[in-house]
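Two complexes, one shared chain (chain A), two partners (chain B, chain C).
Let's look at the complex of A and B:
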């Protein structure tokens, strides 16, 4: 697999760190991990994409699914650290208007705790 | 390449290098790579129903005014009229590949091949300074 996923939970705050390339081959792994975390009630789910060098529509679909789960469970979700090439797919699909996207951990944290 | 998603990263690397040879910027190259990856993923998922080991022939030609990329498969023939981008206002997982391909590429043509198989020809016009 060319993707690594690390999750850290502190109370209602969950940080998911994704590294590598997210495509049709690796997105099932991301889906399994992130949906497990998104199942909790009233969570603040922060997804760190700083080390993601590539994402296709299956990766984006996985994040849409996670967002829907989080919203249904009364929580909120923020993405941060998107590289230009990864940001591009969100813009191409206009999902940059759907997700809360912040530039780095500090600004994402500010949004979560606001 | 084989219809195995593990090979997609190899294809992306090759297409990226061809885009650089054709004179595309880093950002344009990454969009073209994304479009080709989406097209190939669609072949794996829809034409071959996720069965590995089936052939997908990808050819790239740098022509005087455009980069032409052709994908040919021997999978289930698609109904051409059904290959449509979906409305983006409908926020749900999946179904974005065709939208990405049509947005990124300048020319997109799907064809059925006789009883089985599909061919997709996608073109991107070269940057003006690289046209001959």
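Let's look at the complex of A and C:
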């Protein structure tokens, strides 16, 4: 299993693109990358999960930790492009009530710039 | 139908001279809830122990995801076992550890996740089983049903592909027991796990089973879905469904032999 993570920053806007399977073995890599980005002040962190084919609870926990850091640093965070199975995990763990989740980049961008 | 996730072939097990399993052959498929049903002492739990690699067959084989747990190399076996969750009959929580530490233990032992990630995962699993806020409690401070739910949270800690439950409702009142059954159904739907349940509780079977294997006298005497089980004419199945007591006539000479042992032959 592997995961690829790409990050782009433009001013206060950060885009994190995650691709592949996020599990017990790959989530530490996601954690390292996303917490590095979440450390900035007053950022808008957009996380693209379009090509995440599997996410276990360690991946979900990593995103919760990132949200905690972003909130603490006065920023905000949005997830978008969740595949049906990944979305189900968020619903089961009731984290769909905790995260701002949008269907695609355009709607996530709209939320960030609103 | 997809390829079996668990394949059992001609499995025989003996305890001394007593043969418990007499050539069991079964296929369990991905994402199904498979119930192994049978009377106390029929070998249900023994069969489950074979599936999790805790017991060596006297004859036959058990493959889990194509791997024979007993002949697999140590690394392969460890990788496999990490993706198997087990809810033991007596919950098997460590009494000297808090509920949170019990649930976190597999992650601390088998992964390199940061403490913060482990803590969040632990709270997520406790929330899933309705035990949010109980992580600092000791097992002795919880009711039987809550301990069972905590043990279920621990079995789910590593996001298993296959969850084994040995008598999940044993010792619980009917309301708590049905709560555990509903929880298992919810988890199955969400995590798309294969669930293998050993039980003799018919109410539970009719609620959660996709397929049922009825064990009797070391053999599978019924294999099929709930509808077929209810209609099956096999006397062992009927006895189970209609809750009938044993009606075998007593063989007087055999009984006498049992009572007087070897001296019988000297009469």
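What we mean here is this: the second predicted complex is superposed on the first by the 113 of 114 C-alpha atoms of A that agree within 3 Å, B and C clash if a C-alpha of one lies under 4 Å from a C-alpha of the other, contacts with A are read in each partner's own complex, and residues count from 1 in each chain.
Assume a residue touches a chain if its C-beta (ideal position, glycine included) is under 8 Å from a C-beta of that chain, and two chains touch if they have at least 3 such contacts.
Note that this is a predicted model, so its numbers are computed, not measured.
Asks: For the overlay on chain A, clash or fit between chain B and chain C?
Replies: Here chain B and chain C cannot both sit on chain A without a clash.
Asks: Based on the superposed arrangement, let me know which partner A:98 touches: chain B (first), chain C (second), both, or neither?
Replies: A:98 contacts chain B only, not chain C.
Asks: What is the contact status of A:58 with respect to chain B (first) and chain C (second): first, second, both, or neither?
Replies: both
Asks: Looking at A:23, would you say it contacts chain B, chain C, both, or neither? Reply first, second, both or neither.
Replies: both
Asks: Once the shared chain is lined up, is A:88 touching chain B (first), chain C (second), both, or neither of them?
Replies: Both partners.
Asks: First (chain B), second (chain C), both or neither: which does A:9 touch?
Replies: The answer is neither, since A:9 touches no partner chain.
Asks: Both chain B and chain C contact which residues of chain A?
Replies: Of chain A, residues 23-25, 56-58, 60-62, 64-65, 85, 88-89, 92-94 contact chain B in one complex and chain C in the other.
Asks: Can you list the residues on chain B that touch chain A in the complex?
Replies: For chain B paired with chain A, touching residues are 5-6, 8-9, 12, 27, 30-31, 34, 37-38, 41, 44-45, 88, 91-94, 96-97, 99-100, 103-104.
Asks: So in the complex, which bits of chain A are touching chain B?
Replies: My answer: residues 2, 21, 23-25, 54, 56-58, 60-62, 64-65, 68, 84-85, 88-89, 92-95, 98.
Asks: Can you check the complex and tell me which residues of chain C touch chain A?
Replies: Touching chain A from chain C are residues 82, 107, 111-114, 116-117, 120-121, 124-125, 127-128, 158-159, 186, 190-192.
Asks: Quick check: in the complex, which residue numbers of chain A touch chain C?
Replies: Interface residues on the chain A side: 23-25, 27-28, 31, 56-58, 60-62, 64-65, 85, 88-89, 91-94.
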